[in-house]
Amino acid sequence: MSFQYLKPNKSTKFKDRHTTKVDECVSPYEEGMQGDVGLVGLPFSKTSISASLASEAPAAIRKALGSYSTYSGERDKDYQNVSILDFGDVPVHPTDTSETLERLKTSVKEMIDTEACERYIMLGGDHGVSFPSISAFQEKFGRIGVIQWDAHHDLRNIDDGGRTNGTPFRSLIEAGVLKGEDLFQVGIRDFSNAKAYADYATNHGVHAYTMADIDDHGIHFITDQVIQILENKVDCIYLSVDMDAVDQAFAPGCPAIGPGGLTARELLSSVAKAAKNPLVKGMDIVEVDPSKDFRDITSRLAAHVMFRFMYN
Amino acid sequence: MSFQYLKPNKSTKFKDRHTTKVDECVSPYEEGMQGDVGLVGLPFSKTSISASLASEAPAAIRKALGSYSTYSGERDKDYQNVSILDFGDVPVHPTDTSETLERLKTSVKEMIDTEACERYIMLGGDHGVSFPSISAFQEKFGRIGVIQWDAHHDLRNIDDGGRTNGTPFRSLIEAGVLKGEDLFQVGIRDFSNAKAYADYATNHGVHAYTMADIDDHGIHFITDQVIQILENKVDCIYLSVDMDAVDQAFAPGCPAIGPGGLTARELLSSVAKAAKNPLVKGMDIVEVDPSKDFRDITSRLAAHVMFRFMYN
Amino acid sequence: MSFQYLKPNKSTKFKDRHTTKVDECVSPYEEGMQGDVGLVGLPFSKTSISASLASEAPAAIRKALGSYSTYSGERDKDYQNVSILDFGDVPVHPTDTSETLERLKTSVKEMIDTEACERYIMLGGDHGVSFPSISAFQEKFGRIGVIQWDAHHDLRNIDDGGRTNGTPFRSLIEAGVLKGEDLFQVGIRDFSNAKAYADYATNHGVHAYTMADIDDHGIHFITDQVIQILENKVDCIYLSVDMDAVDQAFAPGCPAIGPGGLTARELLSSVAKAAKNPLVKGMDIVEVDPSKDFRDITSRLAAHVMFRFMYN
Amino acid sequence: MSFQYLKPNKSTKFKDRHTTKVDECVSPYEEGMQGDVGLVGLPFSKTSISASLASEAPAAIRKALGSYSTYSGERDKDYQNVSILDFGDVPVHPTDTSETLERLKTSVKEMIDTEACERYIMLGGDHGVSFPSISAFQEKFGRIGVIQWDAHHDLRNIDDGGRTNGTPFRSLIEAGVLKGEDLFQVGIRDFSNAKAYADYATNHGVHAYTMADIDDHGIHFITDQVIQILENKVDCIYLSVDMDAVDQAFAPGCPAIGPGGLTARELLSSVAKAAKNPLVKGMDIVEVDPSKDFRDITSRLAAHVMFRFMYN
Amino acid sequence: MSFQYLKPNKSTKFKDRHTTKVDECVSPYEEGMQGDVGLVGLPFSKTSISASLASEAPAAIRKALGSYSTYSGERDKDYQNVSILDFGDVPVHPTDTSETLERLKTSVKEMIDTEACERYIMLGGDHGVSFPSISAFQEKFGRIGVIQWDAHHDLRNIDDGGRTNGTPFRSLIEAGVLKGEDLFQVGIRDFSNAKAYADYATNHGVHAYTMADIDDHGIHFITDQVIQILENKVDCIYLSVDMDAVDQAFAPGCPAIGPGGLTARELLSSVAKAAKNPLVKGMDIVEVDPSKDFRDITSRLAAHVMFRFMYN
Amino acid sequence: MSFQYLKPNKSTKFKDRHTTKVDECVSPYEEGMQGDVGLVGLPFSKTSISASLASEAPAAIRKALGSYSTYSGERDKDYQNVSILDFGDVPVHPTDTSETLERLKTSVKEMIDTEACERYIMLGGDHGVSFPSISAFQEKFGRIGVIQWDAHHDLRNIDDGGRTNGTPFRSLIEAGVLKGEDLFQVGIRDFSNAKAYADYATNHGVHAYTMADIDDHGIHFITDQVIQILENKVDCIYLSVDMDAVDQAFAPGCPAIGPGGLTARELLSSVAKAAKNPLVKGMDIVEVDPSKDFRDITSRLAAHVMFRFMYN
């Protein structure tokens, strides 16, 4: 084409020739492609207990990728060759919830069955999406261990409202998809849970680390311990990052915010340490509601969580 | 591809089979294409007198197109076949202003030289972009008449700061591109201009209609009058819509807001009436600063201004 | 109790002895009570096409009642004796949509079956709640006429997503609850609907008044005409007020905002005129999303819509 | 001084040599100066019924003056020679209310006793400041007539809370400062007042024009009528502009907002018409709370109210 | 009643049968009731030096209680049996400050004289409410020690403005209610105080710990030290938590925000440690202005401060 | 003058006789004055890569000075005698970039040539202003060492866009103004830079400390080390504080925000430590965009950075 400056359908964002922005490494998946990390959006939050627009997070987090580059100075390594294949968003049915859950599981399964990538990232949505997502991983990879960064146990009963965003891990345990002893919860916060569910955790062997544990032992020690236990017994490790594990000052855009949580630096180094383990195959990031955020601070943090997962 | 639900690189926004959203009629221009309306972004606001991020408007207005459909019930006509060719945004040089102005003019000229469309829409940017844009139209089409909806004359002297967003029409007159008598200004507001520039208007034959004129005669009467005069003497009519012609309640996202301006309904019907004339070849929409807006109200109004221009 | 100032469980808001705030006329319904207006919240917006927290509107609108008094100076009449019985909110199932729709209809029916009041107000929620609500009224009162203030027809097909907030009136017509000819739509806006649905309206005898009709004839003339036609053929009239009929400057808190709509004064006088008719038994107010609002402007307008309905 | 560009203590805001901004016509008053309009801030809102930061309005409105120029194109007249003498703000006592009221009255009186100007503008604060301000004017000028643009009567009893912002006109009537028949209220709104106070108005001869009156007769007719009655019986006319007379869409920054009020254009033309009368000596503008505003829209409207008062 | 779903006057918020939200443990006080913690609102901020709507904090903090549960996983203890008796808010006189201060003291005294609870929480309001509140506690319990978390000394002179929110502790010392040596200030910040008041503190034996002290010794060490000194000499300990002790990132909703303060985790663990001492009888939380906050972050932190005080 | 309370042209802000606010120590520079710290605004951000209103920061930061006092309790020292001479803002040309850069350098040079002060503070603007500013210092003082707190290297090539805010330090090195080995960068963040520029740093001897370095060694250790190296080889040290070195939770108002940065306390103590060295002659604070901030949190932090620099 003969235009001097115009590039229809191309970005005109300023481009420094030496800088690769992370979003430049993202390609829409096409049949037969091979890449390093698969990415899929699970934009569903209609079954959140409190009204939530976490369904808008996949778009916000993808957009945040464009604000950061692929280079880690700390390791002096440029990850520009880590290719990200974007499988798009699962279309949500406007009115039929179980149809949507089925679509989520089917789509995650189809994605990992392509064997296009080593690892996959699922962007929620609320925490309810972990139920279909982890189910798909377990079907594919066998015995699954889960590290869940979260202020909450998410082990509520199903009777009081069906498969809400408070129930995914109970649903997984009761469906036999996940053993209680293979679930590790990091960042559990006081006055944010019920005794019945802490007891449920204990009774089913779930390992829960509270903020007091983190204050006492440090996030590094705890993360190391979790990985050490898990790597000896499971076939695959899945990371599930509920952003409300982080203090409301660092992640103001989650529906269920509160004080006393992790700092951004604690979360990032913990995810980075866990993601080093080769058994780790997938990660979801959930409970980011862009409509409640300020300057996309929470989506930007989510993007950095992705970097610590992808770039090791 | 074998996915049931996933469509990598495709939108999963809810789609009603009978509704065509305006953004569905937009295609990136490719060589040789023919369409009805050409669209180009002129995202430049670095020479605004007051700090402005009007450079972000092309993206915001394009996005607003996706919130509305192509059907006019008032005329019972669906404009889904009006094709919009998007020529993209002109890349702005980060530091070199005159280079940018050159790129703007060149790109608008190249776009209309394709003769791909009957009409063109230029999305600013601040009002400074009308100088290169109108210059390009004049080169192409000959004697040009301009209807400018604006609270301000934009006839400032060049000495006090160069080609700012307060100068485009003076620059055009002094460059011989536009005759004063071919410029019609609608919505000029009290306490928003200087006497020297009102005098300049008078002395150069510029026709200025104030809000008092509109209160007295009605926007319909005035618009009819303007068109009637213009159609007999020019080769081409260009509409220049500075959104600050509208009252701050209806367009809170302009840099220079104030009370006492047009209502949204007044602006829309005035543009619709003008756009009916076949001499009208181009329109720019300027001075929308999305960073100052609330819920994209001003960008949504700008999108409707586009509809009144395109759908006649 | 012996406290001088403390009143546990009582408001300490400033009280002028001569002013009755509207919320003081609201009592929770108890069996056997009789009142003038019944009020119920239908806080459901999970099946909105675009993500919506309109579910938070009943609380926001009820709260806005406390900002206004019962006295109309225009008629020099104090409506402090108009008692409002509040039947509470229908509890929404977190995950089961059809269960929720059933609950909504059952609850509205139970409320009007108490025959506790002459008239009832239903606070949505999105426009989807009109389907169960109008169904309940039709079962109770017989042939029902509906005046719908709305920018949109809400006559979408059900196949593309089930009973969303775009479908209520089609659902009602197809379920035989409402005849097309008994439905009057006021404020239909250009570029906000699809031709297929305008055609559906025409083919089913639905009367649609566009903004151009209102510009041409005035809202008073149109409202009078609607009422005149309806009162001769139906047993009961139901008002359905989608707040997005109003221009985005006056109702910024609706999900589907746009320019060119009714002013607040047009909506209020139109509802007041309609509500004068004794056949009017119910009104819903829908599509107010407090999370998108500024200073509860849209909820305050909704409260005034209630006043025009209740105080005649 | 030898700096090329720096001007310590001087603004570096862009200056067009032909434009006079209104704030350039403002000088701090010094003994012996003569000017056209005196300006004083009465930044007091601690006795507002609802929590209010209207105390911040004088600063916000003064700042808004800098966004507009002295030239009226509608009359082709530049008011750059209308000098504004700024007497500063009355210092408010942090804890002693009656001391503050005394300071307000004393300071307004001292200001007008300088006889430095023909007319004065008092910037509130809440409407409570009109009590000391009008008292000072009455002492100086004799029998005083007041035109009050307001959604509310402000005739509450004093017993329920002392001299709040709901009481100024009752306080004035009962103190014998103002006769009821000399008070004209424009814009009184339904559901925003109590019958007892409407009755009080009637019983004391206060003239109240409701929004229905304005819809029926037009703001021009009503303003003319008010002025005609007043000019024949009083020594001096005082304008009191409570910005909440304006609809919440045009003045979102008032504490007691609501729908159905005046448009900005209605208020501005009404004030302009009234201010033409030579008996008009003073005007206050009250109930602008900048902390509740959006983009200073309400302060900008207040600035334009000043222009219509000053420039005649 | 025969409704299936409706519960007039009852919340329909989602309820998990195993979770007790803290607000479920709150009952309005009625004569003769016994409980664990008494709660009263002191919604007064009219004498703040800078304009403040801290008067709205009691409502915001009470509402935040509903977002959290009674269970501490760190101690594996459910505090659902800790009953909170709510004595309501003290009604503030709209215009008479000394009347209000009298009401505050009287009401706190009346509340503790009921001997209904072991401990009491007073929700400000600005810090000025600590003067009447601590006075009431001293009258009841004898020699009183105060731990004040605050960026500021609050020991200003009374002459420059009366009993503002900068004076409570000086007022208490000079009224003989509190000995200087019994006052411990934690979190005093640089560039936020005057030397005269630091000197006043020193001269009256007040113990002030700066942020540098906390950086050097840790918040745990300092809290332990304070408690150790106090428990040997006073009859009762009162905690006074000015939320501006916390860094502006964690408590953006205080009027006097700044950087370099405590983290949320530092404040919470310090309050928890202090509250363990049985001499602690009361706590106030002050200087939360919800109108300045983002997503009620500061009110949520205040709620957690309450949990650390109540649940030991 | 005879007014009792009014003070035309004087602030009526509450004044405590014992408190000196920092802004009270600021005087506009007049020829011949001597002071301690010179202050100048460099309000230029038109060449930022992403759209930026950092040009509004000098006003916002100066205003924040008025919120804090001159007294440090940590050192028990009142700095009220540290006089700040304000040289005003350099007027920016509306359209001519190189003219503006020339003005910035000339003005900084003229300011330091007055030898009115020991130290100078330059308030940006974006980071591009460091190029003219440091050039001026180098001309005056000789070999210059720079400590740059920043998430980014700012060593981009000039070809891709001219002298943007991503290039100042490369421009300085290539212009021979600054040796690479004399540049120390603190707070460099992962995924925020390109390998090419990290390599450029290494190849030119620039010392870069990443967030991992700070996590490992602590900010105190690193700051000490930097100062120790610098003081032995340069004639003058210049501090350049890009506020985006700080985590987005503590400095939300920077254009290029992200998680994982310094805390406010880390930045403040690091600047304080560096500023103790007598070779330090100047500091700039850049990349604060008040239009993106919340409650001026970032400007307030910038003010505290000034205090740590001025008060030693």
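A, B, C, D, E and F label the chains in the order they appear, each numbered from 1.
Please note the rule applied: a contact is a pair of C-beta atoms (placed from the backbone, for glycine too) under 8 Å apart; a residue touches a chain by one contact, two chains touch by 3 or more.
Chain by chain, the UniProt names read as follows: A, B, C, D, E, F = Formimidoylglutamase.
Predicted model, so just to flag it, every value in this text is computed and none were measured.
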Review point. Residue numbers at the chain B (Formimidoylglutamase)-chain D (Formimidoylglutamase) interface: does the shared fraction exceed half, giving same, or fall under half, giving different?
Key: different
Check your understanding: Turning chain D (Formimidoylglutamase) onto chain F (Formimidoylglutamase) with a C-alpha fit: angle in degrees, nearest 5?
Key -> 180
Exercise for review: Starting from the mean Cα coordinates of chain C (Formimidoylglutamase) and chain E (Formimidoylglutamase), work out the distance between those two points in Å.
Suggested key: 43
Check your understanding: Using the average of all C-alpha atoms in each chain as its centre, how far is it in Å between chain B (Formimidoylglutamase) and chain C (Formimidoylglutamase)?
Key -> 38
Practice item. Just give me the whole-number Å value for how far the CA centre of chain C (Formimidoylglutamase) lies from that of chain F (Formimidoylglutamase). Key: 56
Practice item. Enumerate the residues of chain D (Formimidoylglutamase) that touch no fewer than two other chains. Key: 14, 49, 94, 161, 164, 249, 292, 294
Review point. Mapping chain-to-chain touches, which pattern fits: line, ring, star, complete or other?
Key: other
Study note, to complete from the structure: Listed by label, touching pairs are A-B, A-C, A-E, A-F, B-C, B-D, B-F, C-D, C-E, D-E, D-F, E-F
Check your understanding: Hey, which residues of chain A (Formimidoylglutamase) end up touching chain F (Formimidoylglutamase) in the complex?
Key -> 14-20, 22, 67-74, 76-78, 249-250, 264-265, 268-269, 294-295, 297, 300-301, 304, 307, 311
Exercise for review: Within their complex, state which residues of chain B (Formimidoylglutamase) touch chain D (Formimidoylglutamase).
Suggested key: 49-50, 156-157, 159-161, 164, 166, 188-198, 208, 210-212, 215, 247-249, 252, 256-260, 292, 294
Review point. Can you list the chain A (Formimidoylglutamase) residues touching chain B (Formimidoylglutamase) in their complex?
Key: 1-10, 12, 14, 28-31, 40, 43, 85-92, 94, 103, 106-107, 110-111
Point to revise | Touching residues on chain A (Formimidoylglutamase), where the partner in the complex is chain C (Formimidoylglutamase) | key: 45-49, 51, 53, 55-56, 93-97, 161-164, 291-292
